[in-house]
Every structure is written in structure tokens, then in C-alpha cells.
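One chain, chain A, appears in both complexes that follow, with chain B as partner in the first and chain C in the second.
Presenting the complex of A and B:
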């Protein structure tokens, strides 16, 4: 992925990379710690959005239950932490594996359906996890659970905000790298071909179901990773992190940024957080208390994107080559 | 007698009260072009569905390449060498012509659980795909999006995709459908060029094409195979003339 500085896309990519890389230095220089926390969440949500894009964008499968992977990844870390297992070397692989197993389970069932039925089944399963977590009284039930941060002794201290941010950023870059390779691999071609024309792919001899199932597992694994990161960001897990609203937010990010494009989910996540964080104070400025209703302005913006920029933010940056 | 490549025995398929496939037994021998004709509603598409594995027959068996494939899923039949084109053009519209054929090639190179290597620069896919496009006369259109190809070109692309795995049997579901006279002629020439190298089951309405290409013809009417034989035998068959060809063919 060599970005050319001459195209708007290349310029924006390079600017974003530089901005992302030096964000902790900027927030420190201007003493805006709060911004670093938002930046960290943008990066974590971007990983989740990129992972959702693997099945939604490249696979054409509208999963409405992606927040379950936040939850499963987060609770894996939370429960292990509460049980005295503080090592990230244990917690994170367990978080990723648990999310992958969950993806295999729901995939095996939901991939037998299409379209709106697929959407409803993924939503139903995510709600199932939500209520199970809310019912786990030992782990805080509805109120959630304060946890210690994952420990990587001698390597990194996650309690240090800047270190944690850079770790998240490195993992986002790794996720994007994988997604870039994945999209043009033999596997990616099969997945995208099945989105374009499932019947044709079957007639060519591809067992489409198996490929989609594996795509869901990969997507779920990255989703689980983002959940483990989110748990560490706030040192806290709760059922709220997997409410169906979060699944909707992730879909909004992917669609707003550009489905099936490498950086679209990243643009979408950035736009989502920037709009949320700027609309709230702006509307509060207009009238005290209005900020809570920022989505009244955000909603119509989404409608405009859906109507006039079908490819999302990514399509506004001009045609991709290759 | 030569062992048939594809054969059905007593195939039946019922949709409610309609017997769409009524005790059909047909044979396609290696290397021959066997045409399946019949008026609209004769059950050709239903039969094709059962042969390719998208529909399960109620009774009867299907043998392909010496194996009972009656219960085998579509992709497994493709692996055995049964490739098809669709009645309604079915290509991957958002992909280039070359990508379309490369995917068809890929389908025959084992599993595709490869996640990191770039398939667009993989010569094991690209070289046979380019060759396939040349074979059907689309070499110059390799980088065009499939959606930008003309109808006739898309049909040629489908043939290239069907040929990609070097199949033993090509099942062509109305390859001339919707084509102009000139495009049809080009398709007939293309199929004639492939003749003898691989068996074909040709479902087609265009009688000129059928009689120009077929070694043997089976006539399907109301789900039943009423006649099967060489083009001359079919032309002379009284029941066929009455049911299908009409008196003007006399």
C-alpha cells in the first residue's frame, strides 16, 4: 500500500498516519489528556470496524451482532483478571480465541440464512451474550466490573496512557496490513466473488459456506482483540460494551467510511468520534442540554451519505487504482 | 458400447401436482455434443438443476464419470469435471474478465484458504486465465470489467470460465439466448472448435445451432424424453414433429 502524495487519498493517509503517530506528544504538549483517551478509543473502534468490514464489506454479510465480540473479548480479560490471572500473554489469546469460537458458532447457524434473516440471527445471538453478561452477578451483572489492566511485565506498562495508545496503534496498523493482504488473496477473491454472485461461485466449485464461516472466524478474532483493548482502555467491562447500539455504531462507521475499502472503516470511526465530540459541545453551546441529542444532527448527515455518497467517505477521495 | 460420461436413470421431480421431470433417462457419451431441446415449460431447467446439484430429484439416479453423484453437492460435482454455464448470464460483474476466469482457474487448484499472497500477481492463476480468454476470443478484453462487456462477450466469458477447470462435461444452458445472428454464429464456431475435446450437453432453443452442432438430440416434452437420436432421426421422428418442430419443419 504505497500512498502517493499527489492524490487526495494519499495525502490524507499520510497526514492521518503522522497525526496518529504523534498524538500522545501533541496531547502532552497542549496538556489535553482527555483527547488522548478519545484517540485511543478511535483506534480501538477502528480495529473493530476494520474487522467488521472483513465480513460486511468484503463478504457482503450484514452482521448486526459485532459488538458481541467487544463483549466476549472484554469479558475474557475481565473474568481472567478477576480470577487472578493478570498476564496479558494469557488474557489476550484467550480473548481472541473465545471470540473466534463464538464466531464459529454463530456463523455455522446464521450463514445458512440470507439478508435480513442473517441480520436478525446475528443480532439475536449478540443480545443473548448481552443478557448472559448482565446476569453474571459474580462479575458485576448490569453494573459491570472494574478490572486491573493486563500485565506484560518487562515489555510494556498499559497503565501508561501513551504506551497503551501506541500499542493500540501498532495493532491497528497490523490489522490493516492483514486486511490489505487478505482482500487480494485467493481467500479474499473467493469471499468478494461470493458477495458479487454467490450462485456463480458455487457453480465454479467453491463451497461458499465454508469460506464465509472462516471469514467470520477471522473477523471475530480481530473483534475479540478490540474487546480486550477496550477493557484495558477503561480498566472496566460491562454489558453496555456489547449493546446492540454498539453493533449499530460499528455498521455506521463501516458504511459511513466506505464498505469493502481498506481505510474506509478507519475514516468512518474517526468521523464518528469527531462528530460526536464536536456536535455535543456545539449543541450545548446553542442551548444547554441539547448536546445529549447530538444524533439528531448526526442522523440526517448519515442519510445524506447514504443518498449522495454511496461509497462513503472513501469514495469522496476519488477513484482507487488497483 | 462406450461407457457414458453422464447418465440418468428414471429421474423424477415433482413440484406439487406438476411432474416436471417424468422418468427421464438420458446419456451423454465422452466427446459428443448431446443437445436437449423442448418447448418452454418442458422441464429443461429442472433437469439441469438436478444434473448440477441445485435440485434434488424425488427418485432416480444420476451417474457421472462412473460415480453415483445423485446426492453430491454442486461444488463436488464441479470437482469431478462437470462445469456449467447459465441460462441467464452469470458472471462476477464487479470483477474484470481476467479476474473472472482466474477465479474459475483457482476453483480447480485445491482449497483457497490462502490469506496473504496476492492472487492478482499469481501466474499460476493469471497465465491459464489469459489463455482461456484467448481461446474464446476475449484476449483483448482481459482488463475490462465484466459489467462493461457486451451480452455476447459475457456469454463468451462464461464459456471461458466453464472451460477453466478442463472439465469433462460442459453443460451449456442456452448459450445463444438473447444473442444476435452474428453473435450466435460466433458462439457456434467457438463450440464447434471445442467439439471432440470434451463432451457437451447443450440446452438450446436455436434450432439452427442445435442441428449444426449436435451429434445426438434428446427431445423433452412435458417432462418426458419423447425421443432421442441423431439429428436426422429426430428430424424424421413423427412425434417430435407434431409436438415440437411443427408442420412447417416438414
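Presenting the complex of A and C:
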């Protein structure tokens, strides 16, 4: 622990951990409630980005439909809540299971294809879910659905912003721990091996398809969890949470932070929200009213990241050892 | 019977529009190996440029004729500034960069033209109806769309199959390095192909404008349909894109016009009319899934 403090990466990690852990106290002390809600969203999106990284980063499979897991997790909570099942003990496992089942279904179909085909098929399947949600008139259709927050009686009250934030943070840490175990396991090594040389792994006797399918299911399950959290954050679900732009945002976070690294998606999610929240006031400062158009600057920044920032934020922190 | 014919024509017209969009996309995929998410932005820019030029010239035809070269120039500029640097990159970098371009163009349009949608009126000389069969009237504008779309499709087929540029395009699609080694100016070829794709996308946007509306993000949804078309048809295949576009056009129109009635036979009318659009959207994706199970590289894609 002390040794890791000497590297920039170790230092940043410890600083982030401390900052994340005390954020609710800070926002309360400075009376900035708004910041806590941004912080909660950063944590939830980080979980989703970490889960996408499992297949995108470690598996090398460019999935452009990850927001569907957001949506399925969110709608599982929303539909159960609207049908009178308020207990989180039921809602959350159902959300995770539903997302995992969807991942198994689309994985079985889309993993038959490669490269660009895979990308477009995952995108198309995500659109399918989007249109299904938009067509669910009973559950709000295009307008979405206001829901009651999941109940964990006697344990935690999710309506309390700080408790909810800490719960999300704990789940993020658990997800990161799992991802670390995942990446270092034999399973993770097979997956990474298939990323660099699929033929060779096949020749070595590994059933690459099955490994990738399981990876997609795990990734989808965590995606479903983040969707359940997102639904609880706003007490609201809508098709917009799984629009294809959200899938794009998730890819941006993973690539911006550093693909195939443990903390990269976390850095990426933080950077994404920090950029969004700081570009607006900065552009307003340059010229009143410009802040609304922050994506005019953000878009070209993504182009520059794609062209010149190989390895993302994680690579700026120096080489990792081991 | 008459409505069936009209719906089928509407399907052809939608299919032709999507073919225009998909043709440029499948060429850039096939030849440059480029995933261009921003293709839908060119569709949108084409429509906005046409709206502006039509406002200036007060003539639909003149406006479109001015907007076409403008879209071409825009395509060339985008290619020279950003896209050219992406050819040698992996697909993920291309996705990221062109996703950035989408954000940029959507926001640019919002800043320049404002957040509200625009509308382009159907030109007066096409605002009547024509009788395609005795006693069956059909919108002259939609009919003109079918004619123009067919002409452009024929032009494209001729260009790819019969001209020197088309020969280079086909050669580039099968082996890019080889034609570069044979002394073909491949940078110029790539620029031209990208510009051509931009013009086709822009034209599709302009032609779709009078029957829909000109709005921000209008290209994004249709782009995903174009992706589906390319996947069904096989990446790099113009013929595949055409057949798949026709198929998707028919499925879409069928879903919209007949599915509600079909569903009403076993669902309540309110449920049926609200579920039908969603199910008709799904139909297209289900067909795609079916094709992929059968042939993972599309109907006319190269086997790997």
C-alpha cells in the first residue's frame, strides 16, 4: 500500500478513493446537493463502463449496444415497481438476471459474427430493446415511467441521497474487485488471449465462443445492475436511458480512460462528467450563451482522443508493473 | 388492392431513399474499411443545406442543385480533416472519432439553424397527384422520388460496373494494397468515394425532407436502419445493399400499414395501434437476426 503511493497511478487511486468516500460530507458541508447527484451518476456510469470494459477491453469485442443492459435493468425495476413489487430484494436480482438473459440471447447470435458486423448487430439489437420500451404504452411509452424507489426495509433508505450514494460506491468497489479477479483468472487470460489471437486459442483447444459468451453474460449482468441503480437514482425510467447515444457514451468512457485496464473505465467516466460539467461554464465564460453548445468542443475532443491518445488516461499515469 | 399497390410503392420509395444512404456507407466500409457513424450527419447536413439554399433561391430544384455540390465539398473537407487519418486505425478508433463528429454536427446545426425543426414544402409542380393506374392516384412527389431514386441507383450501378473509377473501386474493395502498389492514386480515390457517399447521403436527406421534417439527429435513426441494410446485404456489396434496402422498405411499410389491423384481430384496438409501431420496428431487426444466423456475412458478403 505505501509502496504504491510512490507511483502516479497509486497516488491518484488513493486520492480518488478518499474523495469518493467523503463526497457526501463535502457536498453537505458546502451545501452543494447538485454535486452529490452528479457524483452518484458518475459512480453508476462507472459500474456500467467497468462492465463494458470486460468485453470491450479484455475481450476485444466492440459492443455498441451496452445501453440496452441499462435499459433492461432499469425497466425490470420500473415494471416490478409499477406492478406493486417494491422490494429491492426481488427487483435487483430480477434486473440482473433479465440483463444476463438478454446478453446470452444476443451473444449467441452476434458472436457468430466478427468485427464491424458484431458492432452493428449489437447496436441493432439495442435499438430493438429501445423500440420495445418506447412501445410499452402501459409503462409510459416514449415518456417513460415514474417509479417508487426499491425498498430494503430495515437496511437502507434509497431516498436518502447520501445513503444511496454510499451504496452505489460500495457496489462500484465490489464490481472493481470482481473485475480484477476476472481479469487475473484463467478465464480472463483465455479471453485476453482470444483478443490477441483467436486462431491460436482455438488451436490450443479453448472453446473461444463459449468463453466470449460467458464474458458477455457477466458483463450484461453488471450492466443490468447499473441500470437498476440508475432507475433508482432518478426514480424514473425511460427509453432515453438506452438510446444508442448512451452506448456511444459508454464506449467513449472506456476508451478515454484506457481499455483493458482495471481503473481505466472509472477514470473515463469521471473525465466524461468533469468535461461535461466544466465545458459548459467555460464556454459561457468565453461568450455568454455558448455553454449550451458544449458538444461543439466535446465532439472534436473525442476525434483528437481517437487520433492521438492511444491508451487513454490510464497510459498517462506511466507503465503499470506486473 | 389499390391501397396495397400504394403501400408497396411507398415501400419502394423508402427503400430507394435508404439505398442512397446505405450505398455510400457500404462503399466506405468495403473499400476504406471505415466504420463511419457520421454518415447520418451528412444526410442531415444535406437537408439543412437544401433548406437554406431553397430559402435563398426560392426554388426547390435550384436549392437542391446548389446543396448537392455543397454536400460534396463538405464530405471532401470531413475526409481531408478527420476521416483520412482513420483508415489505418482499428474500428474502435473510427467509432470514437466519428461519434465525436456526430456530436459536433448535431450541435453545430443547433447553433446555426436553431433547435426547432425546419420544413421544406413539396415543390408546387409536384404537389398534385398522378394516376399510376386508371383510378389510382398517387402523390406526384413520392412518384418523383421513386424516379429519381431509380435513376441514381442505375447511375451508381453503371459507375461501379462500367467506368474506370468503378473498376478501381471494385479493385480497392477486394485488395486495397495491391491497387496502391499498381500505382493508383489511392488517396484521391478514397476522397472521391467519400465525397460521392456524402452526396448520396445528402441527396437522400434532401429528398426525404418534404415528406418528413428537417431536424437535429434526423440522420441518426435512419443511419441505424442503413447499418441493418448493409449487414443484411453484406458489407461492400452494392447489389446486396439494394436488395436489402428494398426488403427493409417493404417490411417497414407493411409493419406500419397492415400490422395494426392484423393485431386488432386478437388485441384490443388501443393496444394494437400502440404496439404496432414498436413491433414493425422490431420486424426489421428480426429479419436481420434471421439472415445472420443463416449467413453471418450477409446475403452478398464475402465469406471469410
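The criterion applied here is as follows: the second predicted complex is superposed on the first by the 317 of 322 C-alpha atoms of A that agree within 3 Å, B and C clash if a C-alpha of one lies under 4 Å from a C-alpha of the other, contacts with A are read in each partner's own complex, and residues count from 1 in each chain.
Convention: a residue touches a chain if its C-beta (ideal position, glycine included) is under 8 Å from a C-beta of that chain, and two chains touch if they have at least 3 such contacts.
Predicted, not measured: the structure shown is a model, and the values here were computed from it.
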{"item": "First, second, both or neither for A:255, with chain B first and chain C second", "value": "second"}
{"item": "First (chain B), second (chain C), both or neither touched by A:152", "value": "neither"}
{"item": "First, second, both or neither for A:296, with chain B first and chain C second", "value": "second"}
{"item": "First, second, both or neither for A:197, with chain B first and chain C second", "value": "first"}
{"item": "Partner chain(s) touched by A:273 [first = chain B, second = chain C, both, neither]", "value": "neither"}
{"item": "Chain B versus chain C as contact partner of A:207, first or second or both or neither", "value": "first"}
{"item": "Which of chain B and chain C A:236 touches, first, second, both or neither", "value": "neither"}
{"item": "Residues of chain A touched, compared between chain B and chain C (which is higher)", "value": "C"}
{"item": "Complex contact set, residues of chain C against chain A", "value": "29, 35, 37, 82, 85-86, 89, 91-97, 99-108, 110-111, 220, 224, 227-228, 230-231, 235, 270-271, 274-275, 277-279, 281-282, 285-286, 288-289, 292-293, 296-298, 304"}
{"item": "Footprint of chain C on chain A - complex, ascending", "value": "56, 62, 64, 109-110, 112-117, 119-121, 123-125, 127-128, 131-132, 134-137, 141, 244-245, 248, 251-252, 255, 259, 293-296, 298-303, 305-307"}
{"item": "Of chain B, residues touching chain A in the complex", "value": "52, 73-75, 78-79, 83-84, 86, 90-95, 99, 102-104, 106-108, 112-120, 122, 125, 161, 165"}
{"item": "Residues of chain A defined as touching chain B within the complex", "value": "178, 181-182, 184-190, 192-193, 196-197, 199-207, 211, 214, 218"}
